[in-house]
Every structure is written in structure tokens, then in C-alpha cells.
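Two complexes come next, and they have one chain in common, chain A, joined by chain B in the first and chain C in the second.
The block that comes next holds the complex of A and B.
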């Protein structure tokens, strides 16, 4: 498509019109998407950004909303509930992203082996990812009951979705350490239960990504390594993992975004309880914006949403930098 | 290289599918939130406490209103003689068998809605929440209305889920219905922002008075002396007792008058161990249950815009209810694996529950397997030297301030909350009439449970008003439940500490 100076003038003009026509066609093709995205994604985004500087409540025309400057943002940082929600989601992000990435790699490696009935295993393992978060939540709601299946199998008697005990207390209490801030006391048992549900349902999706990447690793690398005496774990560390790095980056970033935006499980299973140990930013924003059970404050909700977005973007950038730079080193 | 292409293609497809799946999940969330534990919609009504009516499967709602011309005549004629006719006509068609006794009623609000000059040829859109049973009742009400006002056309627009959100969206998009159901939360959102039609002119024109309704029920819909909504009915909290369990424990439910009686009864009715244990009391750590105990103990909840529920008597009241949990004579419904206390009651896991009238249709529904359960209702027991108090819940009808036909819309609101319409709804048993005069309806002599419920209208207080009023109640209830009730009943904090913390949060919320 590119025209160079050495081409004859009339050909250049023809090429230019051709290029223009092609561009026009291309724009025509993406026009429906651009239009809807422009209105319903970017347009709304700009409106929400504006909203975050007003005291708009969910139910009224903009005319009544007053401009309040950065008040909503200042209030968000001071709001104890938002702080709790950010703390909770941080633990969620750390635990879920780590375990689901490691688990997905492990499963993918297993499924990459030459096993009998491999297709069946792959299908079975992928199944949880196909179910919607709502369906899974409702199923786990029953499994997690005190009289439910999980207690039956484990022989425990824990009300999984009503247990606010924080796990790190198991370390602090024997040592006699008291008055630890809630955040440092780790996630609650209920929060862990929901983390497990989320890990269970997202591992397969990422497993498929890793599986595809694994199948892309040329076999001769392993053969060459084997000649040098590197097999098994050594080959995994030295060949598989470095070559998986781009996919790991993708999975970690998708996982990060996914964990920060957890909502459905909370809305269905715990509504933020017990003792706010499963309160997450998105659920708080939803509650505040639409005023379900609280005062409707769309402006405040919008401000929290933008803070959340900023946090996600920052973490994502750091992750990308880190994973990319370590790729270059190796 | 081919394989790399394959990889990219795969990732691309996944990248497309993942958000799609996520979107699907997100999309269905809003409707599914209402069913924690896969329970019936009543669970929401019970925990939220905002819904005054609950679905009934067995309620004899018929009401073809074939005899309506008589009723019409009744309204335009003098009430004293005419109302009984209307009643007879209505109860005759509902098939509840109460027709003959009903004719003796002298019920009636002081108004005559026909005096309102409605716009000729007005068409009204009327939004209501609720399930099929409730919608049928609304439609019957509309039919009665159009018999009285044949020149007004009313279309019922049911919004079975996410009602408040739909109305708020309608308000901001200027597409909201002319007349709609209004709860306390919507009142807080719409009332102070001049989105509701003041009904005072229509009230004056018809001669109806707001004092015909129980004071707390109508006060919440008034701002600066203007009335923006009229309560359509109410529900109240009482104690429901399983008769068989009471008999086994040789307890006469009627003898339970004080907190000590209640505690003793719960003790006696707690039997068994482990998963099959039957608890004397089902507990729900909600201020919209046990907040009434604070009032009974002579302690206000909020006074002069400041939280005072953490005073000694308030702490004692909450401690009393936490006592059931501490003694093992009561258990939280969630701990029993139930969606709400009604399920614990129907499943015979608890001998007593503190609920409102919404439990009646739930128990009558064969799907819940408790149609053979015999139960009694008693008013909430009070402390020694305390005063009777309970929570009331109500919904109202209101009109859109921007409606094209303000007179017709107001007439519909007034008609639906008139004695004639409310009386016709009494046999449905879903909720109690908001008009004081209807408390003496003969229906209540035959239905002792409903009688107890309706009697609470005299002493009950509206949770919406006491807990900070329509604007603040959301945050106040949220703070009280999450900072106090939950930690207390989970044993995470002492009652005093938790209430102190909640008081701080409530004070903050009230400042906003």
C-alpha cells in the first residue's frame, strides 16, 4: 500500500485514491462498532467522568446535580467502607491471580502429556469456565451450606459463607499479638471460600491459553535439552516457563483485571458480609450508585469507579513492565 | 509459523469469548441477587422489610367485580348506607364466604373520590411491583376505578423485578408512569426533589383526610405539610408460634406477654441436638426486627438527629435478643441453612419467628410444605414495665409530578387507598388495610392471626421513619446492621462496643 517516491506521478495518484478508498471502506466496516462504542462506551465514560465531579443522585436529571470539584474523590479516600473494599479486593487479587496462574500452568502441562482420552479430560476440565458466574455462585451457595456437600466431604462444620474469622489470626493469636489492623489479618474464611470458587471457575480458561502456548513450543528444543541432560523439571524451568512468558503476562493481566472487578459472586452469595469481609469496590459502587440499601449517590460512586480503574491500570502497567523486562533479560 | 498464527487466533477467540461470558454473567446478576439461598422472593420481602405484601398462592382473590354498578352508586350516595352494599357486592364475588357478615360493616373513609374533577378522556399508566397474585389484585382495583370513572383509561404496567431501579430510570428519562407504587426508599429519592404530585388538592376536593390513615403510615409520605403518597396497606412484626410445639412444651401462646415469658418459652421449645435441633427462636440480625425492642424498653433510636440507641436501655434490648443465640435457644436463619426465618418456621427448625404478614401466604403455599402447620400470632412481648412497640412496613401509591392528567392520577391514588378498595382487598390477607376504620372489619374476628397483625397499627412505628427517615434510612440501616447487629450476633463484638461503633457511623450518615 505504501507509495514510494520513485513511482511515477500518475501511478502515485492512483495508489493514493486506492488507499483512500480502502480506508473509507475500512471505516465503513467498523462504523457500526465505532458508533455504538462511541456512544455507549466512550460517551458514557466521559459522562461518568463528569458525574464524578458532581453530587448527582441516581434518579434525576443532570440539571439538579451541582459541581462539587474533587469532593467525591477526597471522600472516597476517607470512606472507611471503600478502604475495606480495597483491602479485601487486594487479598483477592493476590491469592486468586497467583493460584489460578500456577494452577492453569500445572493443568496445561498435565494435559499436554500424551494421555489416553485426553480430549475427554480437556472437555471436562474446561466445563466450569463455560458456566456463568451466576450459575456457579448459586451452585456453590448450596455446596457451602453448613449442611452442604463441602462440609460433608471435609467432615467440618463451618458456615462457609457466614464465617468472618480472618485466617492470619491463626498466626497472631498464638503469639499473643493483638490489635492488628483488619487488613493485615488477611482474608476471612468466607472470602477464601469465594476465592476458591473463582479460582475453580477461571483456571480452565487460562489453562486453554497455556495449552495452546505449550503446543507451540517446538519439540526439538526438548530433544536438544535432553541430549544435554536436561529433562523433566529442569526442562520445565529452563524451556517451558521462559517460552510461556508472554502468555503468563497475558494471563496475569487478565486475571488482575478480573479479580479487581469481581461482582457477581458477591452480589449473589454474600452481599459483602459477614462483617464486610467480602465487600468489594464494584459491589460498593453498585450499592452507592443505585442506592440499593444506601443513599443513592451516583457522583460518589463514579468517583470510586475511577479510582478503581486507576488502580487497575497502574497495577497492570507495573506487571507488564516487570514481565517484559524479565523477558528481555533472559 | 503456522502454529504461532494458530496461537494468536486462539487467544483472539478467547479474548472475544471471555468478556462475552463475563457480560452474560453480569447481565443476569441483577435478577438473581434477590434469591439468596435459592429461596422464594418472599425472602427479600422478609429481610428488606420494605414490601408490605407478599405473594399468596391460595388467597381467594377472584373479585370479578360484576356487581360494580352498585358499588359505584354506593360511592356517590351517602356512605353510611351505601358502603355495606359495596362490600357485600365485592365479598360476594371473592368467594371467601364472608359476604353476610361483611354487610354489617360501617367502614369508610370520609372522602368521596367522585368529587374530583378528572380530565375527560385521560389515559393513565400505572406501575406496580409484585408477582402475578398481587398484579391481579391491582388489576381488580383498576377495574373498580374505571367503573367509577368510565372516562379514564388505566393501563397496568407490572414491573416484577428491580422495581425501584426501573422507576428511578423512568424519572430520569421522563418516561415514568403517571401513577406508581412508592416505597420509603423511593419516597426519599423522589419526594424532596419535587418528582411527586402533591395530593392535597385532590384530598380537599374529595373530602378525604390523611388522618383516616394510621399516622406513621402517612407521615412518611409528607413533606412540609404536603402529602405526596397515600399508604395502600401495611404489615407489622409479630411473633408467630408453632402450635404443636407449644402444646408439646405445654405453653399457652397467649400467655407470652413479657420478655421473660418469651425467653422461657424458647427454652422449653428448644429440643434435640446437632443438625436436627429445633430452636425455640429463629433469629435475624436485622435492626428492622429487633430495633423495636429498643423502643419497647423506652429508649429512642435517633433523637434530635443523633444516634441514642447505644444508651443503656438500648443495649439491654439488643442484648435480650442476642441472649437467644448465647443461650442456644435461638439460631440465625443463615446458620440453619435457610433463606429467611419463614423457611426455618415452615421446616420446623424453629418454634417461633418474628415476622410479618408476608409469612402467611408463604406458609399457605403447598410448595413450601407447611400447609398443615398450625400457628398462632402474638404481639411482640415487652419488657417488664415497657410499652408495646413494633415495626410497621408500608407502601404507598403516588403520582408523577409531570403527569399530563394530574386530577385523574390523583383520583386513582385516592380511589385505590379508599375504604371501598381497601375493604375489597382485606380477604386476600396479604397485608392489612391502612385505614384505621377498617380494623374493625368482621373479617378480623374470623381470622385471629390477621387480627393481631392489624391491631399492631395502633402501637407500631414505621421503621422507615424511626431509622432516619426516607433519605437517610438506607445508610442508617446499613450501618446498624453491618456495624452492630451482625458483629453482635456473630459474637465478634460486645453489644455495647458494636452499638457505639454503629452510633458513630449513623451520626456520620445523618450529617450527609
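The block that comes next holds the complex of A and C.
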């Protein structure tokens, strides 16, 4: 008894030293993360948030920025360019997210079978996701020429990247409806062309996620359903789709974030034209921050960025809630 | 969740059927559709590769030709030797070199720092561990691009414009890498490391000489994702590298395009220089790409 009583505190002290040393090592290991995230992720975010309340402008490296309160935010909501950009990106989000999700499910279902050589097809089909937005934009600049392959294959004669006609006008004009606001007239033909480019390059990434989920669905579920007479489409509706719901939620959310942040294609292919029908928030923020083709107003750009972030986060929260609650019911 | 993390990437290769497709007709329809779709997916790359051997006149003529009328191999040579007034020497090799070393540096640094942090999260006990890990995960959900462009002001203030620092330092430790490697480290048995630790090896030694070698597949997957991210990056080099001699291939080609809009053959050659290395790496390591994609799936959940 006496010996163990004298050993215990010693052991405890030793254990405490070891624990302290372990914690110290751990902090050293994560120090690079804490430093870089602290300065460049959260620090920059706070700095940008601060600038959104100032009138920081052109020569920002030396200029004295004045505090202007919520002026930049109020201005952003009244700014016609920002409204146009939000309207454009909203169409982009709706069309691209919908088609790429359905397309990715379709491709995954096609690839999910016990057949020889499907691995090779999976690899081949994934390739467009590997190329950069720059490569695809440069290639499609050429394919979309009036004399290019796209017109040749479709038998059309459209200047795909210079056509500001809005597609829903095809409905309004025959009916004689006039003075429709631009947003309700739908995306322009050029915007559609860029949507297609984006769908083309993102479907494969999401296809792989769906394929992994499909392969996790136990085969006996389908066997049981087949006994009840549910095969083919019925089985797809009643078994596959409900089980894919968590992945659908994820793909829709990732797609939403990606579409709201579209930038490179616009910077390379259209610079927001024709007639601002492909102007998007991030490109507008870029122009305002650096002053390319417009007056530099970094503070105003930062305010627009935070409004955009707020919109993205709100939409993805709603999506998550909606899809999760319907998952619980099933 | 941890269980599915260990399992998911490896079951991706299983051949369990989703639906009973016993009939030959079904198989034939499937193969035909897939062949058509694969051709569609590849046609832009094939067409533009063939296009690099055409003259500018042929590239903008209607109807477009599939194969070049005459093969102009000299387009590639011409682009390789291309010079800009503001840059010493040919620009394309320079841009290619800038992209390559930047990607190599980013991959190496991120693998090291991410795995180091991940090892701490997976194996070591320290106050605040769970909280910090939650912050890592949460920061993946925040759209980082939001502060990237307005953050230009910050980098201008610290005089980092036209340096490579903003392309390296802020992403030294990417949250996705920490997340992925933490999951992987947790999936490997502790016993080996504990034995080494009792034998007196330091924590860094057990990390370096036991945990890291066991994680080769996960490290390779992360390396490929990060290489692709760095090599294909457009926004950051566009913001921070404004002098032509500093540019990477992606912004370099965008710069070239804005100066010589009608030189289609040169634009296509430039695009190929960007795409081909990526496609080659992809075909060699396609398995790791698929695993990376399933990991990003998990990260989102």
C-alpha cells in the first residue's frame, strides 16, 4: 500500500509531462495550418469585410480609405450592372445545375453494369473534367466560330459567342408581349453556349460520385423488388433514386457553389458581352477591384462579394434542409 | 462516417450490378451509347489537336475540315519560338516552365504540411483538437473564391503582386488535404506506430518513417488533385502575375489570345501544351482520380 501510494503521484506527473509534450508536438505539426489559415483565410476575409465598408479605390496601395458605413451595400442593391450579373448567374445556376445533375446520374447508371470494358469507358468519359477551364475556353472559342464545327454539325449559322438574343423572346414575340424585363426574357444564346461548355466539363466529376454511390447499393434490394414485379424504370424510381438522395444533395450543392462562382470562362471568352448578357458577379467584382475597363472601386467590389457569399450560403442551406427533410420521410 | 470513408474508395471498382441486364440487346445499347458519348467527350480535344496542324485560313473556313489539307508541323515550332516585345527569349517555354515548377512546389509543400497536420489530428491528443478540426471542415464549405478577388487589395498592401508568394503561401496547407489524410491515417492500424514510439522513436519519426510510407495511395491521390489544381489554376495567376515573363501557361495563353485573337493555330497549340500533360498524367493514374472524386464526395457530406 505504502509503496503504491508513493508511486502513483510520480506516475501521474510523468503522464502529465508526456501529455504536455504530445500536445506541444501536435501544435507544432498544425502550426503551418494555423498560421496560413489565420492570416490568409480568416485574416484576408476580415480585411475584405472591413474594406467593404470603405471607399477604397484605384491607388489602394497608398490611398487613405474612408469609412462609408453601409453605402457600398446600399449602392450594390441599386447598381444596374450588379442586378444584371445576379440575374444572369441565376439562370446559369438553374440550367447548369439541373442538367449536369440529371446528366451525371444518367451516365453513372449507364456505367453501372456487370459488363466488360466499362472501366475504360469510365476513364474516357472522365477526361473532359481533367482539362482546365482555360483549355476548354480556348478550344470552344474556335469550335463556336460562325464557320466552326458546332454550326456545321447542327446545321445552324449562329455567331454563338456574339449573339445577345434572349431565348424566351421566342415565346413572347409570337404572342405580341412587349416590354418584358430582361431577366424574364431568359438567358442569351451566348450564355447558353457557355452553359453547355460548363455542363460538358462538370458532368464527369459528378458522374464518378454517383457511380460510387450506385455501387454501394446492395444488389439484393433489386432482387427483392424484382420479385414484387418492379424492374427497370420502376426499380430506378423506387429504389435507386431514393438511395441516391444524399449524393444528389451533395452534387446540387457543389453545383450551386460552382455555378455562382463562374469566372474563368467569362474572363477568357466574352468579358461579360454581348450586351452584358454573360456578365457575372465575380467578373464584375474583378473589374471593380482591379479597375479593368471601369473605375477601380475595391470597397464596392468587396461589398458585392459579400452579398454574393450571402446568397450562395442561403441557397445551399435551403437545399440542404429541403433534401435532408425529404430523406427522413423516405 | 469513418467506416464508409475507409470502404468507399475501394469499392468503387467492384462490379456489383445496379440492375439486372441479362439480355444481349441491353448490353449492345449500353455499349453503343457509351461509345457515342465517349466520342462526344473526346471530340473537342481530337478536333483541336488536328487543328494545330492547319493554317489559320483553313481553321476559319467553312465547311470545317476534319483532317488538315496539308500537315503544317511548323505551327508547333512557330509557337514554341514565339516572342513578345516585353519578354526576353521565347515565351511559351518560359510559361510552361513557370507552370511546371509552381505545380511541383505546390504539390510537394502541400503534401508535407497537410500530412503533418493530418497526423496530429489522427494520432495525437491535444486541447482544442476537435474544435480546430471542425474549423478545418467548415472552412471547406465556405466559397473561398469570395475573398480571393477582393483580397487582391490585401496582397497589394503587402507588395506581393507580381511575385509567386500569393500562389504558394496561402494554400500551403489545404483543408481538403488535411481532411482526406486524417481519414486515411485513422484507417491504418496504430500498432506499428505504437511499437516504434515505445522503442523511443519521436512523433515526427513515426510520422515520417511509418505512417507516410503506409499512406502512399492516399498521398498520390492528393498529389494528383493538387497538381491539377495548380496547373489548371487561372484566377490566381490572372490576379497576381501581371507581367508576361512571370505568367503561367494558363494566363499566358489568355494574354496571348487577347493580343493575337486571329492566330487560331497558335491558340490551339498553346491549349494543347496545357491539356496534353494533364491528359497523360490522367491516363496513367486514372484510378487515383476516381478515388479523389469519391473523397471530395465525402468531404461535402
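The rule is short, and it goes like this: the second predicted complex is superposed on the first by the 296 of 330 C-alpha atoms of A that agree within 3 Å, B and C clash if a C-alpha of one lies under 4 Å from a C-alpha of the other, contacts with A are read in each partner's own complex, and residues count from 1 in each chain.
Assume contacts are C-beta pairs under 8 Å (C-beta built on N, C-alpha and C of every residue); 3 or more make two chains touch, one makes a residue touch a chain.
Not measured: the values here are computed from a predicted model.
Enquirer: Tell me the contact category for A:113 with respect to chain B and chain C: first, second, both or neither.
Expert: In the superposition, A:113 touches chain C alone.
Enquirer: Contact-wise, after the overlay, does A:294 reach chain B, chain C, both or neither (first, second, both, neither)?
Expert: In the superposed model, A:294 contacts chain B only, not chain C.
Enquirer: So, A:164: does it touch chain B (first), chain C (second), both, or neither?
Expert: first
Enquirer: Looking at A:209, would you say it contacts chain B, chain C, both, or neither? Reply first, second, both or neither.
Expert: both
Enquirer: Where does A:141 make contact in the superposed view: on chain B (first), on chain C (second), on both, or on neither?
Expert: both
Enquirer: Is A:273 in contact with chain B, with chain C, with both, or with neither (first, second, both, neither)?
Expert: first
Enquirer: Return the chain, chain B or chain C, that is in touch with more residues of chain A.
Expert: C
Enquirer: State whether A:57 touches chain B only (first), chain C only (second), both chains, or neither.
Expert: First partner only.
Enquirer: Between chain B (first) and chain C (second), which does A:30 come into contact with in this model arrangement: first, second, both, or neither?
Expert: Second partner only.
Enquirer: Per the contact definition in the header, classify A:264: touching chain B only (first), chain C only (second), both, or neither.
Expert: Touch status of A:264: both partners.
Enquirer: Where on chain A do the contacts from chain B and from chain C line up?
Expert: Residues 60-61, 130, 132-134, 138, 141-142, 145-148, 205, 208-209, 212-213, 215-216, 247, 250, 254, 263-264, 267-268, 290 of chain A touch both chain B and chain C.
Enquirer: What part of chain B is in contact with chain A in the complex they form?
Expert: Contacts found on chain B: 3-4, 6-7, 10-11, 14, 18, 21-22, 24-26, 28-29, 32-33, 35-38, 164-165, 167-169, 171-172, 185, 188-190, 193, 195, 275, 332, 334-337, 471-472, 474-475, 477-478, 482, 486-487, 490, 492, 509, 512.
Enquirer: List the residues on chain A that touch chain B in their complex, please.
Expert: So the residues of chain A touching chain B come out as 57-61, 64, 129-130, 132-134, 137-138, 141-142, 145-148, 159, 161-162, 164, 205, 208-209, 212-213, 215-216, 247, 250, 254, 258, 263-264, 267-269, 271-276, 290-296.
Enquirer: Quick check on the complex: what are the chain A residues that touch chain C?
Expert: That would be residues 19, 22-23, 25-27, 29-30, 32-34, 36-37, 39-41, 43-45, 47-48, 51-52, 56, 60-61, 107, 109-115, 117-119, 121-128, 130-136, 138-143, 145-149, 151-152, 200, 204-205, 208-209, 211-219, 222, 226, 231-232, 235-236, 240, 246-247, 250, 253-254, 257, 260-261, 263-264, 267-268, 282, 285-286, 289-290, 298, 301-302, 305-306, 308-309, 312-313 of chain A.
Enquirer: Where on chain C is chain A touching in the complex?
Expert: 8-9, 11-21, 27, 30-31, 33-35, 37-38, 41-42, 44-45, 47-48, 51, 59-64, 113, 116-117, 119-121, 124-127, 129, 132, 135-136, 139, 142-147, 149-154, 156-157, 159, 169-173, 175, 178, 203-204, 207, 228, 231-235, 238-239, 250, 253-254, 257, 264, 267-268, 270-271, 274-275, 278-279, 282-283, 286, 289-290, 293-294, 296-297, 300-301
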